[in-house]
Structure formats: structure tokens, C-alpha cells
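Common to both upcoming complexes is subunit A, partnered first by subunit B, then by subunit C.
Up next is the complex of A and B:
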């Protein structure tokens, strides 16, 4: 009765969850801090830059939230996005494919890797960490082999196929508009509905909560677990497209570590490391924290390595909150 | 069924893992095995360990070495020289390069070409090469701080001088915008603070800019990365009274997105009038950041961007006047001179360092023959 009364008096906490309210607070504090500390940060262009560098992390993070909720993880997405975008670039520049074709190849390859991850983990019961660590290495080598070690570039604005540079930002009257954020908000909304309101989402959450109970109740656990990794693969493919359309040079063999920004974002946003809970909106907020740190810390004159240390400390804080929540639940 | 799938997937993964194991050698050049020489004919095999294949710059070095090898073989009338050109995927892969250098030694080559990522990590292998009397020729950034006598010669750009060339090219364009008492900012983005070639280039730019500005009576304050600030000629003014702030930024990793973030911070400062990116990755980082900020150009109210090396993105930016200019090395020449030095060293001849040169290019001279031949996509 006491608990119920408390909840009624905290509508915000009830709607978003305590962790997400904390994260929103952190975002506001970070934004104010950087704005006060650096005059250059307070410019409109900083917001555009923040959005621009956030898309590929957010897309990876939305995808990886699904395996995380099942109690698994997908480490292959970091090197994966470099592999998919570089193969897409190779198909466009070397094989004469239209940009749309390159995008489809990137998405297809991402789905294949996602499917392989899902089958190995769900059907063969191999640990997700080990499986996706292997596919992470495979993706890292695959891009280099397919392109002969060459770095890749997707068509630049103004050149044939350069329309792809306008997917995430357009220039109106000399001012850059980060329209990619519209696509991101739509995707967050759609994937939130899928996670909360559809059978796919409910089963994925149930796998993370109690996989054995779900199996005993006659649900095809393998199928839904594979779907979780397919979603992760699909979003890694979308992330690859956004990466290729944002940056100039895609270097084969790189990408290791990018997945940590995405996984970190999901965890900061309240996705449990042991599975069973999480939300796409939370992931969005978590990625905003990571991106704010990545964009804002250079503005206050911190040497590059300090930026990594501070990001790591924020992650420790998020994991500690997750652990505390679990202990409380137990 | 489950077992069969397990075996099948294990095989696929093992196969792929084997392919991944060839990380550094994935892009190894063709014609890699030692050539069977005819009776009594001398033959030489060279192992070349580069910093990687990640940029088109390295592809151009490889092309130069391949062409020179072909030329020498054609002059000899038989396949007198062969080579194996390898390199890690990323310039952060020091351990992969150490493995590649060890494999190169095991191939017992007539001579080895080396562009070291980290000399300390290669020290034992370099000593083994010395013991086995295998001559080492450095190229690109060479083998900085190698034990005395270990590297016989280098085929490389004088990077400090190349940095000065970038500063000279930029200064000519911006000097009209400088005013005593009106603070402006010139930025520099370097992909790292460890590689000899990058640091020399960065320092060459800073020192030359300090000299030029001081000669014209301006006070300079150098700030940012400690390594560059500490090793440069130093500030001639304070942050408060300087006419020009020289700000040096280095990302935590050598990736385009992190270089773009650092470049974006400089471009976003309201007093920035110019920026220099000291290699292809850093220069492309500036172009990426400018894609969002749209502040670079050649107009009087725009930021003058100067890059280094080429590649389709930088060439396009220079041609389109988004980037005012860039310094090109002669990567094809580096590859070609490397083979000549390796051939001479293998034959026991005396060899010495060769500067392969560099030049500043803008949209005005990008198509000139002497520039165009060194530009690559």
C-alpha cells in the first residue's frame, strides 16, 4: 500500500522508469555544462554535428537492444558496419552498381551475419559473447578481403549518386538541417511499438526473463531468438549506410570498439545486462549521453584520452545502477 | 541434424578465421614468391613491410614499387627481382606488423623494406635481421630511432620540410586577413602524436607558421596537444595578448570520425581563419566536419583549409575550392626509389637516404603534369 502511494506521487518515474529520468537529468546537466564551459558549443552547428555523429551509433544501439534484452549481446556490429559499408562502396565504385544497389548489398550482408549469429546462438546454444566475438573478427577480415584491403568512399555530394549524402542532412538557404533526426525519431517510435506492443517484442522480453519457462509453454524460442539477432543485423546494416553517408573514408579492418558505444548507450538507457528489460526510448537517451560526451568533451579542451576515461566512468555508473536495480528486485 | 549444423558452421567459421588471420597480408601484392632464376643468374627477393593498405596513399607506394620492379626485371631480361608487399589493416595494428616483419625475416629475403609503426616493438626482429645480415631500407616514415647501422638508407619525404610547405602555402592566402590586436585562430589536426612522419609534419607546419607570423610582427600562442606544443618552437605571446592562436588537436584513435570531431571543434570556433590536416585521414576529417558546418572555402570570410596527400575526396574538395590546397608527397616515387635502394643494398652497394620530395597544389595547378602524376584516387 505504501509502495503504491509512492508510485502515484511519482508519475514521471512511473512513465519513464527511474533510470531514464536520471539519464534525462544527466543529458540536461551535460548540455548546460558544455554550454557554459565553451562558447563554441552553444552554436547551432554543434547540434547539427551532434546529430550527424549520433545516427550510426543510435542505429546500432536500437538493434543491439534486442539481443541484450534476450540476455545476449552482439559484438559483431562495430566491425560489421565498417564491413557492410565498405562492401557497399566496393559494389558502387568498382562494380558500377547504383547507390541503392550498394545499400541493399550492405543490408543483405548485415542480415546474413545477423542470421548466422542467431542460428549459432539459438540453435546450437553457443554463448552469444563468444559467437559474436567470432563474427566480429570474421566481419573485420571479410571487408578487407572482398575489397583487397582498399579503403572506400561512397559518392560525395554533387557527384553521380551523391544524393545519398542528403538522406541525413540537407542544406536550406546555407543552413544545414539535420533531417536524419526525423528518421531516427520515427524508427525509435516504430521499434518501441514492436518491442512493447507486438508478439515479437513480448517474446524477446520473455526470453530474457525466463527462457526455459517460455520454452516449456510451447513457444518456439529458437525462432524469436534468431529474430532478435536479425533485428540487430538489420540495424547494423542501416547504421552502415548512415556511416557511409556521413563520413568520407571507410577504412577496412577498423570498427572494433564502435559496438561499445552502442551497447554502452543501451545500458545507460536502462537495458538490463542480464536481459528481460529495456526500452528503445531508453536506448535513445543513452546514446544521446554517449554522443554528448563524444561531441562535448573536445570543446572543453580535454585531451583525447581523458574523453575515453570519462565515457568509461559514465558506463560504470550505468552498470552500477543496473546491478542495484537487480538486487532491489531480488 | 544439430551436430551436422554445428560441424558445418564450425567449418565456415574456421575458414573465415583463417582468412582473417591474413589480416595484414590480405592485400599482399602479386608475384610474391621467390623467382626461379636461370642457371648462374642472380636473383633477389625483397620483403616489404608497409604501414598498411588502408589509404590510397599506400596503394600508390605499392604501385610505384611494382612498376620499378617490372622495369628492373625488364632491363635484366629475366625475373631477377621479386617482392612481397604486406601491411596491417590499420596503423594502430602494431602487433600485426611485428608478426609480418617476423614472417618477412623467415622468408630469408635479400633485403627488407620497412615503414615501422613502432620501432620499439620491432627492435628484437630488427636485431635478428642485423645478425642475419639482411639489409633494411626504411621508407615513408622509415624506422625512427632504430639501432645505429640497422637501417642502411631511407626513401622518404622530408616530413618537417613538407609541413613547412603547407604553412607557406596557407600563409600566402591568409596573410591579408591578419591584423595586430585582432585575435584569430589557425587549427591543426594530426591523426596521432606518435608517428615520426605525422609529428614532424605537424611540427614543421607549426614552426614555419611561428616564424612567418613573428617575422611579420605578430604574437603567437600555441595550444592543444602537449606533445606538439612542447616540441614546437613555442609561443611568442600569451593567450591574452596573442594575435594568432595556433591550436593543435589529436584524436584518441586514428579514425576518420574522431578526426572529424576534432576538426569540427576548430571549425566551429568563431575566430578560426585556417586549418591544416597533416595526412589523408586528418584532411578527410576536416572535409567531413565541413560537410556539416559548411564554413570552408577560398572566400575572404571562409576558413582556409589545407590538407595533405590526395585521394578522390581531397582532390574533389580542392577542385571544388572547399579545400584551398594540399601538399602532395610523391608516393609513387617513394615506392620506386625504395626498390632501387633495396636492389643496391642487396647487391652490397653503398646506399644513402633519398628525399623523394613534395609540392603544394591548389585548384589552379592540380592538373599540371608534375602535380597530377603524384595524385591518386
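Up next is the complex of A and C:
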């Protein structure tokens, strides 16, 4: 009887690994450190800034966790979100579409890019790194061409269509409340369930563990691999919407490197770079680390370049832990 | 029999939760081949890893040429002349034979590598072994057998005094095994100490002088090979007697319907115009030498590789199978010869592996029905007597025999009627082998039909109701079990067109 009990509880325990515990520790340490080092960090606006960063990185990261688990990667999401939000703004300001229409166009385009990635990788068997590197370049060019190099602008708060800004934050009694966090937590929960408790999730994990064994078990691996990239595309689209609603002004031709924040977050959260394992909650924690660094470092006088250096070092640490775990397993 | 060159005494080694070696003794003598036998998990590999310094022992002594040694790095053992020829070869496919042999210690001419000397030295080594390999050939172009000989040449170049062969014959053809034995005898005559690890009983009788048997991490005993029978050794290994009697008559009912009909199947060079029938409740053995095209036939039939032409009829219905998905839907199941590469997601649990072939059956809408999934997995773990601490155990932690049972369970849960067993007992210990044979017999009694590809003659003769022999991609013969003999099978297996 006792044995049975431990058996049923194991899978949950496994999804919450030792790495997550370390990452939570890192988050606490970072938070304390910034709070002690800078008085202005200890203010409410910091939370708002942190959330602004978290939304678009987290959405990208949740999506990219799926290709990562299959043993692939999706580099197109960074320039992708800029491209999709520019195309969305173009539809709204030039084509007279309502804001909702612009959002849907952005999502649709993101899904198309995700599908193209998936087909090229799964059906034509091209390496994911190269394929998505190319779609990354395509996405960057596409946005700039469409707007003729001009910035894309999404409605400001108060202007027509400005409702879109209150998806992620509302002002109550002069105080900004980042309600976007509710959607984030919901999405983390939903995607965790999809990864752990559905057929899609099981197959995607199995592709990363042993794609050929899955194929020889009579499973259509092409289909499920495409779905992994579709999920990545869908979340890049959602990320584009959150980016547009948070930052309003979108500069074409940018976005390269944003994908690394997302991929970095996933890896810090324990997703294996060689595929086969990973968790959405881990990705959430990893993105929290990245966002904390982005928010906190300026408070102690370290600007963008320093952020990159420190993020790079944190990533190496995360990868080292992943490798150490693997060696231990062997 | 020569003098003792190395003794291991009271070797003890524990891993968390496992007492892997329990005061094991071993004696290696000059000019002698010592067989080290035991089921998988008996501790043979661990003992050899302790000897060469891959693992650190907890207790015991190793005396080598009169002095006590303790290696902390396999390289030190190698420099001292103790070398392992691994089951999985560690060669760099893109480099030449000579470059592989002298990697890390290339002869120099000034700043540059002295290629001429390196090739000449390699040639000299092959001369010593009495084999013909071009030192300038690219390694990946050699057969597995030749590659292994390069590994042996490399061992000799290290001035080896003790060579340990870890299941060297697993991937070799009969002719290559013959040549390997010639080399091993040559090395023995040069007064080297040889340790030979293998599961194949016939080879042990042929090549070794003494047999040391281990069981469950303990030393069981040592016999003089010439003075003991196969059954003596097996008894020591498993503790009970197993006889390997051939089948004498077909167990298939005369009116059993044809469940699978393959006509004029062609796929590449290795599958040429293959036609055969499989009856319900039959075990159809596919025999032949390595590279005869048996696995290729199975893979083409299963849709794993593309085929050029051919008609497949299952239970009277023509089916078009171009992907494994279609094959599974048509009721086929394929247990690959290489379960680690093609059969299992090693780092996933027994449960996750068990339901891969039919996950939709264990889903409610898009959601997994994990309760049912675990129930059916538990049922088959018990039915197949799979030894695992639990159904959440990662498959990588199970022994070869138990991994194979997980793969079999996977296809049984998938409810395939026609099962292709490709080398079902490769790398599996005697006890588990017996269980898998019994299981196959039970399956055909229940009305399933089995195609069994096997390179082990005893297995073919023991399990099959009918035997198809292939050579160079063609079916060269068909034998009922009543008329089949080892000699007849070999005749067809070497019948080149």
C-alpha cells in the first residue's frame, strides 16, 4: 500500500527538480541583493517594470520550451515578435482595422511562421538551428519592408483602441496594477497541463527522448513535431501582442537577441538543451531570473551591456548544472 | 598453463543501494584465455572497470606482476599493459586506420607527423596479428570485424600484457569470429593473459582454457573449460538447469490461415524479390548471416524504410504500408534488433514507454488517462515478470533483459497480431532469455503470429516452426523444422547467386 502511494506521487516530484529549487534560491538572493543595494529598487514601480519585461519574455519562453523539448530550437521568435507587432500596427493605422483585427493578423502571421518552421524541420529534415535562423532573418526583413522602415505605433491609453493597454495593466486610484500577471499564471498552468497531461505533451517529450523509437511505435512524428513549432509560433504571436500593448512604439529591424532571453529563461528553468525534458513552471522561474536582472541591474548602475555579460554568465551556470546532472545520471 | 600475471583478491564495491561486487577473486595467467561469465548484472563489467581504474574499489587487493597496483585512470592501466577491447568500438570514423591506432602518440618528424613511419608501424602490427588491413584506409569504410581488429592492433601497440575482450563477437559474422579466434590464440601463444567476456556458450568452449563464473556480484567458482559441460557453466550462472533442445515438429495447426502474405518485396540492394507467407500461430524463423537483408526486409515490410515494390496482404486484405503508423494500424509490431536506438526512450519511465504504440487508447479527448495507463503498465510488468523497482523507473536503469520486456510489453499493450522479433535475445542473459522464449510460445498459443529474425542457430532451431534462410537480400531456402539442421541452414545462408 505504502509503495503504491509513493508511485503515484513520483511524476509530480520529477517535474519539480533540484534545479528549480536552486533557481528559486537565486531569485530570492537577487531580490534581496537589489533591495539592499538600491533604495529605489524597493519601490512599487519596480514591480510594474519587472512585469513589463516578464510578459513578452515569458510568452516567448513558454512557446520555445516546446521545440527545445523536442531537441530543436526556435530562433525566429525574437525578430518575429517585432515583425508581428509591426504588421499588426500597420493593419490598424494604415488599413483601418480595429485593434482586435490587428492582433489577430499578428497571431495569424506568427502561426504561419511557426508552421513553416515546423514543416521545413519535420518534413524536410533540415536542422532547426539553421531553419529558424533563416526565418529569423526573413521576419526581420518582412516587418521593415511593410512599414517602409517606419516605426509601428499601437494605440496609446485613452485614444481609440486604447483598451488594449488595459489587458496587461489597469490603473485603480492612481496606482498601476499589472493584471497581466494573472494571464501569465493562467497560461503557465494551462501549458503545464498540456505538457504533462495530454497526448501532445507526451509525444513532444518522446520526440526529444528518442524520435526514431517513437516513429517505429507507429506515431506520426512529423505531425507532432510541427505542432511543437506551431505552439512556439502561437506564443510568439501572443508575445508580440503583449509587447505592443506594453511598449506601444515598435522599431522595425530590431528584436534580434530577444529570443536568447527566452531560450535562456527556459534553460535556466531546467529544460534540457538536448531535448527530452523540461517544464513550463521551470521556464517561468528562469524568465523571472532574466527579468529580475533586466530590471534590477540598472538600479545598481549597470546598463544594457553589463546585463548581457551577467545574463551570459548565469546561462553558463545553468548549462553547467544541466551537464552535471547528465553526467551524474550516467 | 603459465604463471599468474594478475590476481584480484576480495574485491568489494558498492554503489548507492547496490552491492555490486562482494569480495570477488580473479586470477589471470600468462598464455591462457580466461572466460568471465555471468548473467547481465552479475558484476563482470564492474570488476573489469575496477581493474582498469574506471571505478575505485572499496576493499581488496590487485597484484600485477608481483606488485600491488591501484589505478585511478584507465590510461595508467593501459600504459602498464592492461587494455580493454570494448563491445562498442571507440574509433574515429573519419580518420585512417593508422591515425586511429596511434592517436595521441603519433611519430613525429620535426613539427610534423611522420605519416610514412606511422603507416609502416601499423602495417607491422597487422603483420604480427597475421591480418591484412590497409593502414591508410578510412576507418568507417571497414566492417565492424575489421574495426575490431584495428582495436586489437592498438592494444598490442601499447605493449599489452593483458587484453580484456568485452563481448567481442556480438556484432561479428561467423567468418569474422573465426578470424578473431585465430588472433586470440596467437596472442595467447605469445604469453599474453586474455580475459574473454561473452554470453555465447559455444565460443567459451571453443576458445577459453578456464571459466570464472560470477553471480549477483559474487564469485561462484572457476572451472577448467575442457573438463566441464555447457550445462555445468549454466548451472553455476543461474543456479538451475536450462536445456536448449531444438524443436522437433511444427506446433502450427495444419489448417491455420495465412495472416501475412508478402509478394515480390523490393527495397534497395538488401531486399530483392522477397516473398513469403506467415500462418496464424506460427513462429517463422528468419536465418542468415550478418548482412543477409533480414532486418532490411522487416523494416521495409514495417514501413520504416521506403520500398520500391511489393504487395502485402494481411488477413486476406491488401494493405498499403508506407509508414510505421500504417503498419501498426494494420496490426504489425516490430521489435528492433537495437532496442536502445529504435525501441525505447531510455530516459523515460516504464509507463511512458509502455503506452507509446497506442496512446490514443489511454486518452480522454486530448488528456492522458494516467490512471488507466498506469494500470495497464502494471498489469504487463507483472505478466512479463519485468524486474523494475516501479513503473516510474527510468528504462535506462533496467538490465537488457528487462528493457526487452518493456519493448515486448509495449507491443502487447498495442495489441499487435503479427509481431516481428528482430534478434529478441541479443545481449540478454540466460535467465531472461528463457523467459522471453516462453513468452513467445505463449503468444503464438494465444493466436498471435511471430516472425523471428535471429543470428543464433540454437535459437532458430529451438523456436521456429518453419525457417526461411536469406543470403544477399534474397530468400535462398525454406525449411520445415522437421528437416532443418544447422548444416542445411548454413548451406542456404551461403548460397550466393
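We adopt the following convention: the second predicted complex is superposed on the first by the 313 of 330 C-alpha atoms of A that agree within 3 Å, B and C clash if a C-alpha of one lies under 4 Å from a C-alpha of the other, contacts with A are read in each partner's own complex, and residues count from 1 in each chain.
Quick note on the criterion: a contact is a pair of C-beta atoms (placed from the backbone, for glycine too) under 8 Å apart; a residue touches a chain by one contact, two chains touch by 3 or more.
The structure presented is a predicted model; accordingly, all values stated were derived computationally and were not measured.
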{"item": "Partner chain(s) touched by A:53 [first = subunit B, second = subunit C, both, neither]", "value": "first"}
{"item": "Larger contact residue set on subunit A - subunit B or subunit C", "value": "B"}
{"item": "First (subunit B), second (subunit C), both or neither touched by A:214", "value": "second"}
{"item": "Subunit B versus subunit C as contact partner of A:206, first or second or both or neither", "value": "second"}
{"item": "Partner chain in contact with A:198 - subunit B first, subunit C second, else both or neither", "value": "second"}
{"item": "First, second, both or neither for A:246, with subunit B first and subunit C second", "value": "first"}
{"item": "Touching partner for A:254 - first (subunit B), second (subunit C), both, neither", "value": "first"}
{"item": "Contact residues of subunit A, present in both the subunit B and the subunit C interface", "value": "none"}
{"item": "Contact footprint of subunit B on subunit A as seen in their complex", "value": "39-41, 43, 45-46, 48-49, 52-53, 116, 119-120, 123-124, 134, 137-138, 140-142, 144-145, 148-151, 153, 156-159, 165, 169, 171, 174, 176, 246-254, 257, 294-295, 298-299, 303-305, 307-308"}
{"item": "Subunit C residues touching subunit A - in the complex, by the definition given at the top", "value": "302, 304, 323-325, 327-329, 334, 336, 341-349, 352, 356-357, 359-360, 363, 366-368, 370, 374, 390-392, 396, 410, 414"}
{"item": "Footprint of subunit A on subunit B - complex, ascending", "value": "2, 5-6, 9, 13, 16-17, 19-23, 26-27, 52-56, 59, 87-90, 93, 225-226, 249-253, 255-258, 260-262, 264-265, 268-270, 280-281, 284, 287-289, 291-294, 311-313, 316, 320"}
{"item": "Contacting residues of subunit A [partner subunit C, same complex]", "value": "3, 6-8, 10-11, 14, 197-200, 202-203, 205-206, 209-210, 212-220, 276-277, 329"}
